[in-house]
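In the two complexes that follow, chain A is the common piece, with chain B as its partner first and chain C second.
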Partner chain A sequence: MDTQLPDIFQEKRLLGEAGDTFWRRALAVGLIALAASVALGFAAGDHGRSFFFAYAVSFAYVLSLSLGALFFVVLQHLTRAGWSVVVRRVAEGVAATLPVLALLFVPILIGLHQLYHWSHAEAVAADHLLHGKSPYLNVPFFVVRWVLYAVTWGLTVRAFVGRSLAQDASGAPELSLEMQKRAAPAMLLFGLTLTFASIDLLMSLDAHWFSTIFGVYFFAGSVVGFFALLAVLMLMLQRAGYLRHAVTVEHYHDIGKLLFAFIVFWAYIGFSQYMLYWYANIPEETGWFLRRQTNGWGWVSLLLLFGHFVLPFVALLSRAPKRNRKVLGAVAAWMLVVHWVDLYWIALPELRPQDPLPHLVDLTTAVGLVGVWLASAAFIMRKRSLVAERDPRLAESLGFENA
Partner chain B sequence: MSDAKLTAVEAPPARWGLLAEFESVEKLLAAAEAVRKAGYTKFDAHSPIPVHGLDEAMGIRPTRLPLVVLLGGAAGCAGGLLLQWWTNAVDYPFMISGKPLFGLPAAIPVVFESTVLLAALGAVGGLFVANGWPQLFHPVLRSERFRAATDDTFFISIEAADPRFEDGATRALLESLGSRAVEEVER
Partner chain C sequence: MATAPVLLDNSHEDPRRRAPLVLGEPDFGAITEQVCAIVEKPKPPRAWYVAFGISLTLTGVLFAMIGLLFLQGTGVWGLNMPVAWAFDITNFVFWVGIGHAGTLISAILFLFRQRWRTAINRFAETMTIFAVMCAGIFPTIHTGRPWLDFYLLPIPNQMGMWPNFRSPLLWDVFAVSTYFTVSLLFWFVGMVPDLATLRDRAESRWKQILYGILALGWRGSGRHWHRYERVYLLLAALATPLVLSVHSVVSFDFAVAQLPGWHTTIFPPYFVAGAIFGGFAMVLTLLIPMRAYFKLENIVTTRHLDNMAKIILATGTMVGYAYAMEFFMAWYSGNPTETFVFVNRALGPYAWAYWTMVFCNVVVPQVLWLRKARTTPLALFVVAMIVNVGMWFERFVIIVTSLSRDFLPSSWGMFTPTWVDLLTLFGSIGLFLTLFLLFMRLFPLFAMAEVKSVMPQGGLDIGPHHGHGQYWGEIPRQHETQFAEDDR
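Moving on to the complex of A and B:
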């Protein structure tokens, strides 16, 4: 048996100049695309509604990926996972963008009246249902809740990413134990904040609708998106020469397994939501699905059923494709696209029930937010090691093999 | 008492094969590879812990169990659909709250469960069959030494039924591979 582990300190693990070039370019592309989106929004002449909906979709997209990363990081400490140490730092870098996303949330506040029917006092006064929901769905409480989410996520990032980085310098194993202790309460807070954030940001776009499973649906999609992102990022970093020996096919196999599992979980939750509404057939619940089955939106629903579940399910079912970098990379890249389609499908029927095709502003806003977000991740990581190089479980991760 | 019975009792016990003891994982892996390269096919390795690379060293081909699981799952999926279609829409049609007699969304939970059930039964059943079920006893269990196979010792057993098996040569091979002790196992 070859028990010789790769030496982590021999690996290329600092982004260096390539990172500086990347974040500058990504930021420039992102800002130009966002400026173009604002211009397109004005040109549309609908009081910015199409811009703010496009912004909400793509903000939900980058938020979901960062929250997926935060979930992954906390989960590794909660389960005392050893296999994942070599890929955890990249996830920490993605999660560490959450404070930046707090800034990127500001346009949602500006577009509150364009996005949310419940934010109009005269609409609430005239609508019994909205009036009944107004103790929760009102502007001041909405803002208070988002401050709470931002504080919770910021503290979680500090507790886990901060300690992990501190361990690079000190190598103190106690830091791992401290993170393990904080993992369970952090996970509880994560579940609560993610659930209510998804209700506020996306579900309340149709304030007349009821769904008790919506938070879990958003969570499942977020984690699918994150594992797809992790696979793509690791493949791209390795191609650029980073962590060549530390990350092996065994780690990709595990990422593939988790991606596969959450694809199935997403379908399970999505169907659980759909079936009960189909069965009970109560108008106030089925209206939401009716809009997504008519006027061409049914094709988008089918694209999700096959593109977000059936196709990747078949593609990743057996062992070999999860261990093949090309196949896993292709499926992961595809999942990053359909995850955006999923969020688009949640939000846009509320704006354009007659028109399922994305407008140019939807695409430019996506490029803009993803650009700014990736730039911030690269900026945060530019002087930091891409691997938790003095984690006490690093050797376990380097030598990891699937049975 | 018949003569035939007497001869049967006095016949020498049939030999099953040889059991060789090794003290470390490294020696076990090297020995398994050498035994395979010497052309033996009816041999096995015994270890108290899972050993990475042992399958490759022994030349065990990838398991076909996933195929059994896939077929089980496909059968469960088709069976679940057929069962519900037949009972609800054909054999005993019964209109419930205006729903179609056979509505796919309503059928999915049962299809899901029957798919999982038959896939799991395929996995468990296939695992047992592939491991030689119903075998209630294995000749190596006669060996006193073999008790350490659940503790800290590694073994390779070669069956006498192997076409390459030769009394002296096989024992010499195992000894040359660093076995602590080679003993004969009765059937």
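Moving on to the complex of A and C:
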């Protein structure tokens, strides 16, 4: 039993120059890609619909990862977790991009009429179902709701990330208690806002369709995406020389376990939704899935079944792959790709039911948004320590071993 | 047994150190004495006889009611078209739900390294086993022809008759029997070291033989412990998906149908959350009186109660989320029948049941936001009792209100339980308690070996190490026997 803990203050834990270079480059790539996307959107000649759908998918993608990070941070305080202290700050950095995402939401508002059928007054007048839903699905209330989500997430970020940073300076254990106290109500608000945000952003793309589990499905995917991202980010940071001793294979093992668990949870939720609608076979419910099973979209569905569940399930089942940085890194990187495919599969059949292959604009928008978002994360973290260095449970995390 | 010192309240959190889970600084021997005393005292306390008498009577009532059912047929129950499923399935789902806390505690909390689980896991697992047994009664008897129950199993036969594999009722058979088997194995394997302790302490011949057989030749060698820990981890990993699958499959019984109020996609996780909610409430209902009666506050500390109350609050909130989601989507779907069903629940003839459910499951558990309520045993006991009632009503509301008023007003009908229905329900509670009371007199109700592993002497706090347990052997018995003079 080795009681010698690594000294956190000897670690390279500030992004420094490398971070500055990174955010500048990521921002440049992101902006160029976004500009290209806008140009492609104009060139498509469909009133920007393909651009806005591409934007909605990739916005949902970066939003889901940031929300996954926020969930992780709040959960660690709620459960008084010890093992995760050395990786929590990176998650806080990802969650702290949520205010930036509020700005990136503006294009969705601009493209509201291109994205959402229910936003057209004449469509609502002609459609009895949409008319019935109009007390919820209308433009002013949509905007009000997103303002509420943004405020809730912003305040949550401030409550947790702010106190965590304050603890770096003061080392006060009371701050941990304050965060623990706020974790339960924060989690409650998080659950509600995430659910309705997913309904608004993605489910209402087909305003006729409904599923009570949809919010949970989006949540499951978000958390899968976040744990994959956490593994990839930690590996990249360590390769660049940061936190070399603080983060060990034991932490990767735990991230791998959680990634595995939520991959199974995602499959469980996805199966519940699909099986129950398939079995009852009511046309108003199956139509949504029918579009995702015909005209080539069935292949995307199968890609999700195997790529988002079967393969990673087999790959991460044993202990060894979770403790092997290369294997875990490869699976995590793959999960980051299929998580995007999942969101693409939710949104795009509403635009192109005949054409499952992504267009160039889908890819450039993804690169653009991920670039800008990563740049903002790096910018936010540029002067912060990469580890919650005076967290009272840091020693427990540094010495953590899986039995 | 050391006289109980004043125990400190360990429910306050200091982030700098982990709170002690066993209070009063006992040694290993004291824990053994304390837990074994419940079993080894020659005569149980008077309260035990009273409780046992009542529950045994109720068990008798249960079997009388089942006998009546077999003699007379299902007409003795109140169910009829359109409510062809009523108390039988409600009781089944209720009891299966109760059976969720045990495996959640022993498997999922184990995988999450929640060390406090060691004080309550045996208790909860035992409850699981007996609750699933109670649950098993109802599908078996509800056909009215239980001698044909083997049709449920896919047994090759000359008639070429097979169960309908597309029916969730058949999936139930597989899901519940798998769950029961794995829970039983898990429970038994976890008990082996403790059974060996009882064997080694047993003073009568038949006890030595009984515990000797059950202890499977356990000697406590390093190799035994190594194998034991391995098996425990594997069983935990196998049991974890089962905790989710059983109640998901139970929810499929309803959700695959097209009936409004049953057919909704959130049912599987919602049922699982509800099951854990109800299961933890039942654990607290039994644990709190037992803890007070046998003075176990040093093992089942305030912190344990606090944590369990938090799990009840968390799962109760998930259940509340599901209620709200169902209501919202019923409206959002624009399906008038769906909307009607939910309005009918809240305002229709079964509104009293609906509001009982909301009051018990959503309103009352909100007091658990208060620390004071979570750490006061009496308050917690009352909340747990109310949640038990609420979870029974939840199943009743889902099942009966949806059936009683569906698409065609001409085929609406009400359900009224008969006295046989009611006595069968109460009888099943009697059976559950009888089995539990017998168990606590025969087997260790607390996982001694595991509790010892989370004590400071267990070594888990020495250096960076977290896990199930390192066990450094029993400290020799210090008190020859507290009850030696009572023994003969």
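Things to note:
We adopt the following convention: the second predicted complex is superposed on the first by the 403 of 403 C-alpha atoms of A that agree within 3 Å, B and C clash if a C-alpha of one lies under 4 Å from a C-alpha of the other, contacts with A are read in each partner's own complex, and residues count from 1 in each chain.
Basically, a residue touches a chain if its C-beta (ideal position, glycine included) is under 8 Å from a C-beta of that chain, and two chains touch if they have at least 3 such contacts.
For clarity, every value in this text was computed on a predicted model and none was experimentally measured.
Look at chain A after the overlay: chain B and chain C clash there.
Once chain A of one complex is fitted onto chain A of the other, the partner contacts of A:319 are limited to chain B, with no touch recorded for chain C. Once the two complexes are laid over each other on the shared chain, residue contacts for A:9 go to neither chain B nor chain C. By the touch criterion defined above, A:210 lies against chain C but remains apart from chain B after alignment on the C-alpha atoms of chain A. With both complexes superposed, C is the one of chain B and chain C in contact with more chain A residues. In the superposition on chain A, A:264 makes contact with chain C only, while chain B stays out of contact range. Look at A:279: by the touch rule set out above, it reaches both chain B and chain C.
Shared-chain residue A:401: touches chain B and chain C both. Once the two complexes are laid over each other on the shared chain, residue contacts for A:80 go to chain C alone; chain B is not touched.
Once the two complexes are overlaid on chain A, the chain A residues touched by chain B in the first and by chain C in the second are 1, 275, 279, 401, 403.
Per the touch definition, chain A reaches chain B in the complex via residues 1, 271, 274-275, 278-279, 281, 317-319, 401, 403. The part of chain C that touches chain A in the complex is made up of residues 13-16, 18, 111-113, 241, 244, 248, 252, 255-258, 263-269, 313, 317, 321-322, 325-326, 329, 332-335, 369, 462-468.
In the complex of the two chains, the chain A residues touching chain C come out as 1-3, 5, 79-80, 82-83, 128-129, 132-133, 136, 173, 176-177, 180, 184, 188, 191-192, 195, 210-216, 257, 264, 268-269, 272-273, 275-277, 279-280, 282, 284, 391-393, 396, 398-403.
Those residues of chain B that touch chain A in the shared complex are 25-26, 29, 50-53, 66, 70, 97-99, 103, 105-106, 108-109.
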